[in-house]
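All chains are identified by letter, namely A, B and C, in their written order; residue positions are counted from 1 within each chain.
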Amino acid sequence: MITLTPLLTAQPAGDSSGPIWNWEFAVEIFPEILTAFIQVTLLVTVVGTIIAAILGLVIAILIRVLPTPLALIVRWAANFIRMTPIVVQLLVLYYGFTWMDPLLIGFIVFGIHYATYMSEVYRAGIESVPKGQWEATKALSMSAGRTWRRVVIPQALRSTIPSLGNYAISMFKDTPFLFVISVAEMVRVAQTIGAQTFRYTEAITIAGLIFLAASYPTALLINRLEKRLAYAN
Amino acid sequence: MPTPTDPETPVIEFVDVEKRFGDNIVLKDLNFSVRRGERVTLIGPSGSGKTTILRLVMTLEELTGGYIFVDGEPLTHREKDGKRVPVSAKEQKQLRTRIGMVFQQFNLFPNMTVLENIIEAPIHVLGQSKSEATAKAHSLLEQVGLPDKANEHPMSLSGGQQQRVAIARALAMDPEILLLDEVTSALDPEVVGDVLNILRTVADTTNVTMLIVTHEMSFARDVSHKVMMFDGGRVVEEGAPEKIFSDPTHERTKQFLSAVLRDA
Amino acid sequence: MDWLDQQQQYFETLQNFGPRLWDGFVLTVQLTLVGAALAFVIAVILGLMAGSPNLWLRGPARVIIEFFRGTSLLVQLFWVYYVLPLFGLTLESSFTVGVIALGVNYGAYGAEAVRASLTSVSSGQWEATVALSMSWPHKIRRIIFPQAWALMIPSLANLLVHLLKGSAVVYIVGLNDFNFELDQLRRVTDAWFAYAFIGLIAYFLFALVLTQGMRLLEIRAKHRLGQGPTIREILSPAPKMPIASAHPGSTPSLFGGKTPGGQG
């Protein structure tokens, strides 16, 4: 396996010849950065979000249904994962499970890390289901599984969608942390281009603008959805 | 206290006032004036625009048409070469310091003690010395019957006590005009009388001009010189309280009064 | 005995490494606190601008906030590291590079929290400041911000933990922080679990200290607004009277009930 040297090349000191921004060069490197964006950054975000959305719900339900001591353990385990750096978590798996593909490590770490955030969103959603709904299922002798599946989760889920979306955006903007386990995501590709050509400005800026172009409209969309849901309630 | 050159100048004058929220017209072609020392009560069903009038005078709402004059000076806009132009922030502030307001929800500052609530604006807005403002605050607290509450936190007081502090806070600014916006609506019935009595005393002992929105008809009858009945953003009827309450001419006024007096 | 020998060897290495790890940890603490201080200053300035009614303040603030929220922390770190020198601004220490990147990134998120909490202060409070003719800086400093402060602390606490976690990436521009020293330990011992045990637990404990510190700040801020008990009452092992009955409405407990919200 590749041994990572995380320390970067030195800052460009002497290379101030030429303009700070070169359009021709920017156009030339754009496809490579965009490819990395689609093939890695988006992929990790999508897979990570799916894992987090499912696992988060499982955690939220476990905390609710497990007996108190076990629920407490799950809760503090989630707190532990949520309050420690993704970067360190990535490195732990990277060096601990050397047979694992770094991209797979990315899926796992981002999925689990954000699951702990999303579980809090689900918890709030579950708590917002009126007590009368639980009582009604009891009055109808519904099984626990059926109560969750048909009554609680559908009601709890609605209000959680905007928050889950916001966490997906957060995850998206955290994906460059994959840099430290040498996954060729967008920012790493941009940095590599910079290191090879001694022109960092264009590559880094393009990466930043792609992030902005992808996250800002999505955030606006989620914001609108949030308002509409609040209005509908 | 600044006095206008012409003693006949109304303290408050509305000229062709229009207020709309989006497409919703709340007030239209409203003209009326209030003389110095006059106490005017606005009555009418909710949504008739009474509170909006108070909020326009306090510049809490933006005036969408027409003019409001305070002491003969334009409060928000003036006419210049046939156009409506906004007055400067400085001019507006100069007029606004002559106006005080007591709110339905008291709006005391929770991060300050009762005394600090009262002296904050006199010191920092009017430039009074701390000792001067404090002495005045204590005498006002005495006046509203809360001499021992100066160092309490507003949130530890009852609603009636909070409203009395709010009255003291407004009076500490020595306003020429006092706006009372449903000041008893948020209070428990048994303390309404205390608050109204304090306001009656203020009315009796000072020459402050009052613009009052209230559902307390007996209070309106006692303190006001003039009652204006509003409906649908217009003045339906106005006159002395004795006339309006005992012998209203307009059908709308009769309906309204019979409804509120039955409730009371 | 091979296994035991190996363990002993690990332990010795760890012991020799102790001072370095500690230095790294101290650097991480410094990076977090100084970065948070810068982020807070940026958040307050941008948040006040974004919450101001003036479009010339609000517009630029919105652009800056969305820009730094929308691009990623690592991108900003590289900008400061690689691109700023081209504009003649070479930062000698990677500590400064890290502080600036963390400060602008989390400052932009914090600005949203500041702005949102300013608008969450009840409209009655804003209106009372208008009725008392307070100037904008005066009302913000004395009335609105002290109340918004209590509202923004939970969001700021979340951001502080995010900032601590984000600080772990700064080692890639050559800062010998805690994460860097952990990596050094892995290299010499091949003991990757140093990350898992020492690293994660130390980060976790520091994060706990930070959140509990913020919790105390929140309790104090709320108490100053007349809500909830004092810190002393909460920390006292045997309260003289049940806190719940002494302070109806809210009974924050120091541990538990944490709800980390989103930063997005």
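Throughout what follows, a contact is a pair of C-beta atoms (placed from the backbone, for glycine too) under 8 Å apart; a residue touches a chain by one contact, two chains touch by 3 or more.
What you see is a predicted model; the values in this text were computed from it and never measured.
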Chains touching both subunit A and subunit C: none
Innermost chain, where centres are averages of C-alpha coordinates: C
Remotest chain, subunit C as reference, centres from CA atoms: B
Chain centre separation (subunit A, subunit C; CA means) in Å: 20
Subunit A and subunit B, separation of their C-alpha mean positions in angstrom: 54
Distance between the centres, which are taken as Cα means, of subunit C and subunit B, whole angstrom: 45
Residues of subunit C whose C-beta touches two or more other chains: none
Subunit A, residues touching no fewer than two other chains: none
Subunit A - residues contacting subunit C, complex: 6-8, 11-13, 16, 20, 79-80, 82-89, 91-92, 95-96, 117, 120-121, 124, 163, 166-167, 169-170, 173-177, 179-180, 187, 190-191, 194, 200-201, 204-205, 207-209, 211-212, 215-216, 219
Partner subunit C, residues of subunit B touching it in the complex: 58-60, 93, 96-97, 99-101, 103, 105-111, 120-121, 124-125, 153-156, 169-170, 173, 179
Subunit B-facing residues of subunit C, complex: 122, 124-125, 127-128, 130-135, 138, 142-143, 146-147, 224-227
Subunit A contact footprint on subunit C (complex, rising order): 66-67, 69-76, 78-79, 81-83, 85-87, 90, 161, 164-169, 171-174, 179, 182-183, 186, 192-193, 195-196, 199-200, 203-204, 207-208, 211, 258-264
